[in-house]
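For clarity, chains are labelled A, B, C and D in written order, and residue numbers in each chain start from 1.
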Amino acid sequence: MKNTATLLITCPDTKGIVAAIAQFLYAHNANILHADQHQDAENNLFLMRVEWDISDFNVPVSQFEQAFSPIAQRFEMTWQLKLTEHKTRMAIMVSQYDHCLVDLLHRHHSGELTCEIPLIISNHRDTEKLAHFYGIDFHYLAMTKETKEVVEAQQFALFDQYKVDLIVLARYMQILSPAFVARYPQRIINIHHSFLPAFIGARPYHRAFERGVKLIGATSHYVTEVLDEGPIIEQDIARISHRDQVEDLIQKGRDLERVVLSKAVRWHIEHRILLYANKTVIFD
Amino acid sequence: MKNTATLLITCPDTKGIVAAIAQFLYAHNANILHADQHQDAENNLFLMRVEWDISDFNVPVSQFEQAFSPIAQRFEMTWQLKLTEHKTRMAIMVSQYDHCLVDLLHRHHSGELTCEIPLIISNHRDTEKLAHFYGIDFHYLAMTKETKEVVEAQQFALFDQYKVDLIVLARYMQILSPAFVARYPQRIINIHHSFLPAFIGARPYHRAFERGVKLIGATSHYVTEVLDEGPIIEQDIARISHRDQVEDLIQKGRDLERVVLSKAVRWHIEHRILLYANKTVIFD
Amino acid sequence: MKNTATLLITCPDTKGIVAAIAQFLYAHNANILHADQHQDAENNLFLMRVEWDISDFNVPVSQFEQAFSPIAQRFEMTWQLKLTEHKTRMAIMVSQYDHCLVDLLHRHHSGELTCEIPLIISNHRDTEKLAHFYGIDFHYLAMTKETKEVVEAQQFALFDQYKVDLIVLARYMQILSPAFVARYPQRIINIHHSFLPAFIGARPYHRAFERGVKLIGATSHYVTEVLDEGPIIEQDIARISHRDQVEDLIQKGRDLERVVLSKAVRWHIEHRILLYANKTVIFD
Amino acid sequence: MKNTATLLITCPDTKGIVAAIAQFLYAHNANILHADQHQDAENNLFLMRVEWDISDFNVPVSQFEQAFSPIAQRFEMTWQLKLTEHKTRMAIMVSQYDHCLVDLLHRHHSGELTCEIPLIISNHRDTEKLAHFYGIDFHYLAMTKETKEVVEAQQFALFDQYKVDLIVLARYMQILSPAFVARYPQRIINIHHSFLPAFIGARPYHRAFERGVKLIGATSHYVTEVLDEGPIIEQDIARISHRDQVEDLIQKGRDLERVVLSKAVRWHIEHRILLYANKTVIFD
């Protein structure tokens, strides 16, 4: 894999932005690998992702901010620079439902997900052996209503200790406290087992069955303070019929959940997601 | 096309039902073309659709009820007998959004929908020429809040006059009165431009855009007294991205609406739909 | 609709291309509406589509070539400039299978396809009335093996007379002569009723049925000298089962063909397609 | 799970078959759980799957053949009786591409696949640890052109030793000899990484990329003597664009392969597949 830098930019839309960025990169000998942009006319926003090979780039990373600041200030940009040499450090939180965990671990093992996974936290012991099979630290933290605050504090300590950048709720089945959510803005990804905004909350497959829908879905999204209302990253559906019982919905849904969650994780760790107005822009 | 009879049955599930029906049909020399059944364990229900060629069948239609009643009574059946020689007579109600109407008329013209379409009613004049192109009577009935009751009475009179069996709301954009809905139970099919139960009510594409979903949908359903809560017949979705504006959602949605509505109409007129517990069983 | 210019560029990939183009447009006060680019590493190619509002642009169209030529020469560009004020003039060729024609005409009528359709040519009279309903000239030209050369000459004359830019084969069911194909490079779009490269040639639904596939497809592509081997623009599939007979495949396939062909037409007339290595890049 | 019997029947289509079977089951107090049938008019064939709870059934399994033979003979039936108490014993053959194996093992572990997996055979050692993690015997058998016959003989011995009913090629990447295929008719399931019949043979993703298709696919099928020509069990596709390189096709394809293979395996072990005319009937 090439050693690359990725610049993510959000700013008010105006003339000359692309010219300024492209000129800056050209002047510093960047070999652009991918560039994608989006304009939102309604919100007058310009969003861009540009990735380049840093081997020929003549601005050291430590001086990038200084070198880029004239452009950033001129266009009032919010920006981030991401380097492939710093891999995202991802913690996975899971219940006894292990299908998404198995999937993420295998994709990581096979090289599809280029991140580090130093930590798995669960309120069940079911996945401990699997974590160890893949050489990942596993922490069992039981939780009750009464102990939630204490246990979340332990979780925060673990995230600090393992230098975690991203928290993935792989069917964790616990609602995070507002303090938890506030602590990791745009850094918690959840998989919800319905096509949101339908069937927000608990037991979506049971409610889908009761309503008699002909499609079931899954949605990956960033976690915000309001349950299942965060920015949607990816969704997909599967067709069902009257022959499918709740158990069939659950089983067919697992295949959706796996794929929908893993795509969200992949786009996040490859810095392909920009957020605005409670929506995601996916530069895939 | 063959001249066939279709028997639709719903009854409590117990042993011996299929044996009794199959024996009855065999004894009367029916040549079975299709048979499909469904058991709902939770509700202890048995549902069946069986279609046979009536050319060799030795029970005259006029005597079918009498001949079949011992079985029907023994198993406490609700049943209907449908003959291909009686084609469903369908009225279409439409606004100025004509894409579903165009689609239904072309499918009818090409022989895909084996029904009669004697009547189109609209609160706009936009589709009048099209109706006449296909040789169908068109009635323009403007409607305001104040005139709703009067106009609906005119509509009922037209349905009577044209001997209408089925009313299809092909993007009619008006909410029917409870009296209207009650008058035509399981005989009104609507197309809603979202994947229900998401985005019930008005302007679903606008609300989908605001929520930032990655899929849009369409749902055909029977109309019941509660808006968009009737039994779902068919649903489908299309993928969208951040590049799609509301206008793109509307445009992509039209392709969904056409297909989702026409499938519902087809299954209805071919007597492939059975209803229970606010759900549909589709014997396709 | 805004009055826009669209620049389509293909050139060898090297540093500085985007900087030069963006600087050029910025210097001439272009208000960029959409920009999309693609780099093909294997073929060392750079492809770009950029669309801008021409109301503020300070280079008159007549002088664009001269103004842009320094950049074009420096980067060895192949380029085209397309203006919304010049609408593509599209001829449709059709057999008695009219479902794609009906679909294209309705999309055009509703404003979804922003082109002109001055001409329909058919070797059957079935669609003549429909053409006239939409106010389009219809030419019936019967064809036999013996008269093919003569009839195609008549077709060429019609294309000239109607100033046709694009020829759409909407289930035309005739193989064009090499002379025909050579005369209209990248200007003939066909719909083939299979997911190419499976079932090239005649009777694809019948062959799909015989092979026992679980999916059927449709493919829109540019016509080249080798049958069904031209650059693919769009494809889609529908699920089938053992319950589907050949007639069901044909019926389900019609829904695919309509959507797949209309997307190709739309992308072509909106100048969203670039071609290289017998492939399409779709800037949608 | 209930203890059930499943009867699979194929016979010439004629009147009275369902009546006879249903009467037989009713007379012997069978509680029918599922029944599905298919008639192929072209081939004049009747196919049926009926599953019942054997707890109340008053014919002992050992006497079923004798009890059913009058009906079987009268209608010239080919039939099989399958009992849930006998679980299919499945061997998996795999190369170093382990994604389908990981998927099958997890589905088995989670109870989704109700079979036994006593044996994994590979020509690579990569998956040995995974096999042991799930407690399954792993046999490494290297193979060259020269040793093929000898190694296949070793494989046959293993299949005998482990009493294998079904062989699943989970990306095994070796072509079986005609002798191998002939030894296990309708008992070998393969996953091919294209939508057959497109891209038969080697390197389908590379060839799909070269052709410029907009969809990739995967196909599970029974292995017969002609490569990739056996009866298709399941197929699915994923959408790709010009942005996808061969590596992206391979990655997206893995998700298809997993789901398409596991569905085929599930339907096989649940006795939902009937074969005729090189096609499958799936009673799902």
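Criterion: a residue touches a chain if its C-beta (ideal position, glycine included) is under 8 Å from a C-beta of that chain, and two chains touch if they have at least 3 such contacts.
Molecules present, by chain and UniProt name: A, B, C, D = Formyltetrahydrofolate deformylase.
These figures come from a predicted structure and were not determined experimentally.
A.B. asks: Measuring between mean CA coordinates, which chain is farthest from chain B?
C.D. replies: With centres defined by C-alpha atoms, farthest from chain B sits A.
A.B. asks: Could you tell me which pair, C-D or B-D, is linked by more C-beta pairs in contact?
C.D. replies: Per the contact counts, C-D leads.
A.B. asks: Between chain C and chain D, what is the separation of their C-alpha centroids in Å?
C.D. replies: 42
A.B. asks: Distance between chain B and chain D based on Cα centroids, please, to the nearest Å.
C.D. replies: Taking the mean C-alpha position of each chain, the two centres sit 37 Å apart.
A.B. asks: Please set out, as single numbers or ranges, the residues of chain A touching at least two other chains.
C.D. replies: 243
A.B. asks: Which chain D residues qualify as touching chain B in the complex?
C.D. replies: 15-16, 18-19, 22-23, 25-26, 29-37, 39, 239
A.B. asks: Residue numbers of chain C touching chain D in their complex, please.
C.D. replies: 38, 41-42, 195-199, 211-215, 217, 231-237, 241-243, 245, 277-282
A.B. asks: Which positions of chain A touch chain D when the two form their complex?
C.D. replies: 98-99, 102, 106, 110, 112, 129, 133, 243, 251, 255, 259, 284
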